[in-house]
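Below, each structure is written out as structure tokens.
Both of the next two complexes hold subunit A, though its partner changes from subunit B to subunit C.
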Partner chain A sequence: MAYVKLTTLRKIVFSLAGVALMLFAGISFYRIRHLKEPVVLGQGVTQVKKLSDYFKGIKGTINDSYVYMLEGEEAGGTVLVIGGTHPEEPAARLAAWIFTENALLEQGKLLVILSANRSATTVTRLGGAYPPDYTIETPWGGQKFRMGDRWSNPLDQWPDPEVYIHYPSRQELAYIDIRNLNRTWPGRPNGTLTEKTCFAIIQLIKEENVDIAIDLHEAELQYPVISTIVAHQNGQDLAAMASMMISGMEGFDIGMENSPEALHGLSHREIGDHTDAISLLLEAPEPMLDATRGRTDRALLLEGKDEFIVKAGKHGLLFEKMDENGWPIDKRVGRHCSTILQIIELWSEEHQEKALIIKNVPRYKEIIAKGTGAFLHNPATAASNRIKYE
Partner chain B sequence: MKKIQTAAVIFLSFLIISGVSWLNAAENDGPKADLPVIVSSCGQSPGPALLKVLFMKMKLEHKPKAYEINPLATADDLIKMKEAGTPYRTLIIVMGASLKGMGAAGISIDDELVRTKKLIEEARNQSITLIGAHIEGMKRRAQGASAGDNTDELSIDAVAPASDFLIINKAGDEDGRFTTIANEKNIPMVSVEKNLELLEELKKIFTK
Partner chain C sequence: MFTSTQIILAVMVAVYIVAKVFKISTELSLFLAAISGALAGGAGIPARHIVEGAFTYLDICLIFITATLFMNLFKESGGVAFVIRGILTKFYRHKSILFILITFLLLLPGALTGAGSVTVLITGGMIAVVLNYMGIPKPKTAAIIFILAGLSAAAPPVSLWAMLTAAGVNMPYVGFFLPLLIPCILLALLTIFILGWKAKPANLEKALQELPASPRGMNWLKIILPFSVFFFLVVAGRIWPFSFPILGLPLMFIISATVTIIISPAKLNILKISRETVEQLLPLIGTLTCVGILVQIMTLTGVRGLIAITVVTLPLTAVILSMSVVLPVSEAVLMWGAAPVLGVPLVLLFNTIGLNPIIALAGMSIIWPLGDALPPTAIIGRLTKDTIGMKEPYSQMLKYCIIPAILIIIAGICMVLFSKELSFLTML
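On to the complex of A and B.
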């Protein structure tokens, strides 16, 4: 009898502990899923649309993300900057944020998406003990952002298949990549949430006659496709020239890679194959993504310093240099901003009728000197109709 | 006396003119190559695309075509141009391997080495100038590659020692690999810090 009571008591204690853990985790998940990230619309933003304006099938879903439109008085070309394909690569979103809050267009049209896969911004790597958020220091205080993951939140898209068969190529990919926005291009209207999101962006590219689509990313240092511009064959010349101009003028080196024709689902392949846009993908180094990293915390995310990755470099295991100075977020954001600007400037030189003239966007050296936060604007002092929340 | 003065003036003038000419010649020193040029690859890295935009910028004039970019060029391509009466005069082979590039082309480094060997042999038969180029830095060196991957180094071994001269981005020569080959084989080497400098270097090479 006493034994039964003890067993029951133990069950109750463990159940209560489980409930307490669930409650604690649940509150944390809820908070991060509903964290509001303010976007102060810069003077250059002329319209804010949503992906559902281009594909109704995504209306009402978490991935019905904003599309910020910056239009010059003079007609010209159209460039789409895609941030937040993989939200765990924060320099991509932050660079897009800087363009949205600062850029002034004199000619042409710039479209910016900050959370291409908004669902993926609401979760971190399951079991990875990633920080749920990070804060960028600014002259007016800190601005908090969701950390995010590489894949859509399973709360929004579940279950995963045993094998993911890409549409339309029928290429077999890892099962989890059915929730990876950079494996589901070009998408389809009746597919999963992630596929529908890609389909919506493809419709946007077609409807807005986008000339260049630039998908922003970060990569681990143990991955060979790093510090580079991956180019569809329709953008090889532009990427090659940008690579040389940047390495010669901006103060950092960036290479180029050709988009493999037989590797499907990626933006640099499918946007180029399924639309008239030149498709480019930019990769900056992010040590936090490396498998051999040490403690996975906010400091690693923002400062990019890690003694274990330095050691990996000494053993010749890295594809990018790594020392005790690490890869701070300002460097990574600066690389993306300068690369986008160089690509647009080179494009505009060669296509004057389709040119874009963009002012007021900081370049690599300025972002390193002043910090990313210097280019984020204070929502407390902005007019309420000039604020959106991601 | 007057004749001596006149002779002295003529002699000095000759010295000055020849000196200026010598200085000009010194400025234009360095390896030279002729058009048309074909750019290929050993390892299918994107290097030929970088050279393509430089040649586009240079706006070289040569009929029927100043340059051709063919990462998978074969010995037969050289033979065909010769038979058509417009032989290539220069072959640039970009060294450095891309596993993605080779995968996309459905070939292996072994295929690349066989093709490159035949290409170089045919270039030798036709007295085509061979330039080995390594312009993508340490990214196209074995360091940092996957464990056991020596495709970059195999590509370099296949091309660099056989080259008439080398064009190198210094970032790829941090360990002195190309300097050693150049010194041992007495091969002239053009080195640049940044690939943008290649524009001027290629102008010097292809301009008489």
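On to the complex of A and C.
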């Protein structure tokens, strides 16, 4: 009898503990999925469209993301900046944010997507122990952002196949990459949510006659493709020139690599193959993605300091230098901003009729000096019709 | 950071050992180790991380449950008895043909799905009965099925260790077919012939007498149909990937189970079989859930990184030699999580020193599944023991695994060492 009572008590205690865990975790998951990230539309933003304006098939889905259009008075070329392909690489989104809130176009058109895979911003990696969010300090307080993952949220796209077969190449990839926006280019209209998202962006590129598409990323330091511009063959000269100019003028080094022809599904390969746009992908170093990282927390994400990775560097296991100063977020955001600006400036010099003249975007040194937050605007003081929520 | 993380690791290990000493189940011991790690790391009781970690292997749990339900329904319908009687009657005199046939039957399900558990659940039980009637004791039978199930999981086209590691280093999953297929087939044949060397042609009359009778109305069509449906669904996704809907393995098993119910000559108590299936799998599902939590907390506190950095910064000779222990042990603790934790840095290391990363990763991929027999999880090992109804101590099975395991480890390490010379296998 006593044993039965004890067993019942144990079951009750475990059940209550389970319910409590579910409750606390559930609240956290819900809050992050519904966290509103304000975007204060800069003076340069002339229109805000959605991906469904280019492909109806994505309307009503979580990935019907905003496309911010910044247009100069004078006609010129068109550049697309893609942030949030992999939301777990925050410098990519933050750099795109800075362009949206600050850039002024005198000539040409700049299109910016902050959450290319919005679904992936609403989940964190299982087993990855990511913080659910992070805060960028600004002069007017902190602005909170969703941490996100590399893959679309299974709540939005599930189940996965046993093996992912890429369209249209039929290349076999890891099953989980069917939810990876940078493995599903060029996408297809009747595919999965992630494939439809790529298809929508491809339609945007075609309809808006985009000249250059720049996909922003971050990479672990143990990954050979890091601190570099990966270029489709149609953009090799531009990328090589940008690499040289940046190394000479901006205060940091960046390499240039050719997009492998046999590696399918990536933006630098498929955008170039399936549209007329020059396709480039930028990689900045993000220590939090390294498999040998130590404690996983917001500090690592934003400061980029980690003793374990320093040790890996001392053993020659890294493809980018790593010291006790780490890779703070401002450095990573600054790299992206300067690289985009250099690419556009070089393009504009060579293509006067398709030039873009962009003002008011901070470069690498300025972002390091003032911090990323200095270039985020206060939604509390902005007109309500000039705020969008990602 | 090093010292504090080492202390957290020590606390986790100590709590796990103490829990085991007090005879707390493996899954709860893992859970307690995870909680103690979080507390020692100053994270308190991180509800979000515990729940998130618990979901890491949700898909695999669903595969386990639905595949086992399918097989249990098939067994209750009399299908297993019918098949065993059929195979024995046809091949009882030809040991070698029977072994080759068995190797094929054991390699196929895992190769197609990437999960050794599917091999154990789909064909393992039936094959075990055949092997037993050939005079192979149950621990040896379990060892054969376990080793071949592991090789089937590593075999192409779906090898999750290779795929997850390749994804982690942004390497396309191409060029792996022959580097995985050749060692898997050779090692599987070696295993079955070595462990089954003393097998005798089955005593047909006696075996048929002992075997349960198959129900009236059962025939080969009813046997083949549910499996054909399953394999059709798997293959259809490959042939028509852009027009065939993505069903996922759990739904494929449910559809096959439904076919089994519809065509079964015996009346099946679906509720009872479902309940028994879940009860049968509860320890495994519990272990998987708690391993997910453990990995999450290890990552949160830096313990995962500590283990990874310690391994990859050993001298190169030590790294390669230690793979014989490190890979199976990492699999035992992290399961497929071992691929991103250790596989990624190791492949990057091999790539840096000029080895062929595809061949090296294929070599590692055949070693990893050996860890599925080791504690604390021993998922596939325990599943094999349960599925074939082995009553002897688990260590008996492990004893028979030693020789094939040594051969697999030697083959895997040779593939890493001679990866440049073997690079022609990639056909790239």
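Methods note: the second predicted complex is superposed on the first by the 389 of 390 C-alpha atoms of A that agree within 3 Å, B and C clash if a C-alpha of one lies under 4 Å from a C-alpha of the other, contacts with A are read in each partner's own complex, and residues count from 1 in each chain.
In this section, contacts are C-beta pairs under 8 Å (C-beta built on N, C-alpha and C of every residue); 3 or more make two chains touch, one makes a residue touch a chain.
In this text, all values refer to a predicted model and were calculated from it rather than measured experimentally.
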Q) Where does A:Glu261 make contact in the superposed view: on subunit B (first), on subunit C (second), on both, or on neither? A) first
Q | First, second, both or neither for A:Ser243, with subunit B first and subunit C second | A | first
Q) More residues of subunit A in touch with subunit C or with subunit B? A) C
Q. Of the partners subunit B and subunit C, which touch A:Phe252 in the superposed model: first, second, both, neither?
A. neither
(Q) Contacts for A:Gly316 in the overlay, against subunit B (first) and subunit C (second): which applies, first, second, both or neither? (A) both
Q. Can you list the residues of subunit A that meet both subunit B and subunit C?
A. 224-225, 262-263, 316-317
Q: Note which residues of subunit A are touching subunit C in the complex, please.
A: 20-22, 24-26, 28-29, 124, 126-129, 132, 158-163, 165, 167-168, 170-178, 188, 191-192, 222-225, 262-264, 290-297, 306-308, 311-312, 315-317
Q.
For a test of understanding, state which residues of subunit C touch subunit A in their complex under the given definition.
A. 1-2, 5, 41, 47-53, 55-56, 59, 112-114, 157-158, 163-164, 166-170, 172-174, 234, 237-238, 241-242, 246-251, 292, 295-297, 299-302, 305-306, 308-309, 312-313, 337, 340-342, 344-345, 348-349, 351-352, 428
**Q.** Of subunit B, residues touching subunit A in the complex
**A.** 46, 49-50, 52-54, 56, 98-101, 103-104, 136-137, 139, 143-146, 171, 194-198
(Q) Under the definition above, what is the set of subunit A residues touching subunit B in their complex? (A) 224-225, 231, 236-237, 239-241, 243-245, 247-249, 253, 255-258, 260-263, 316-319
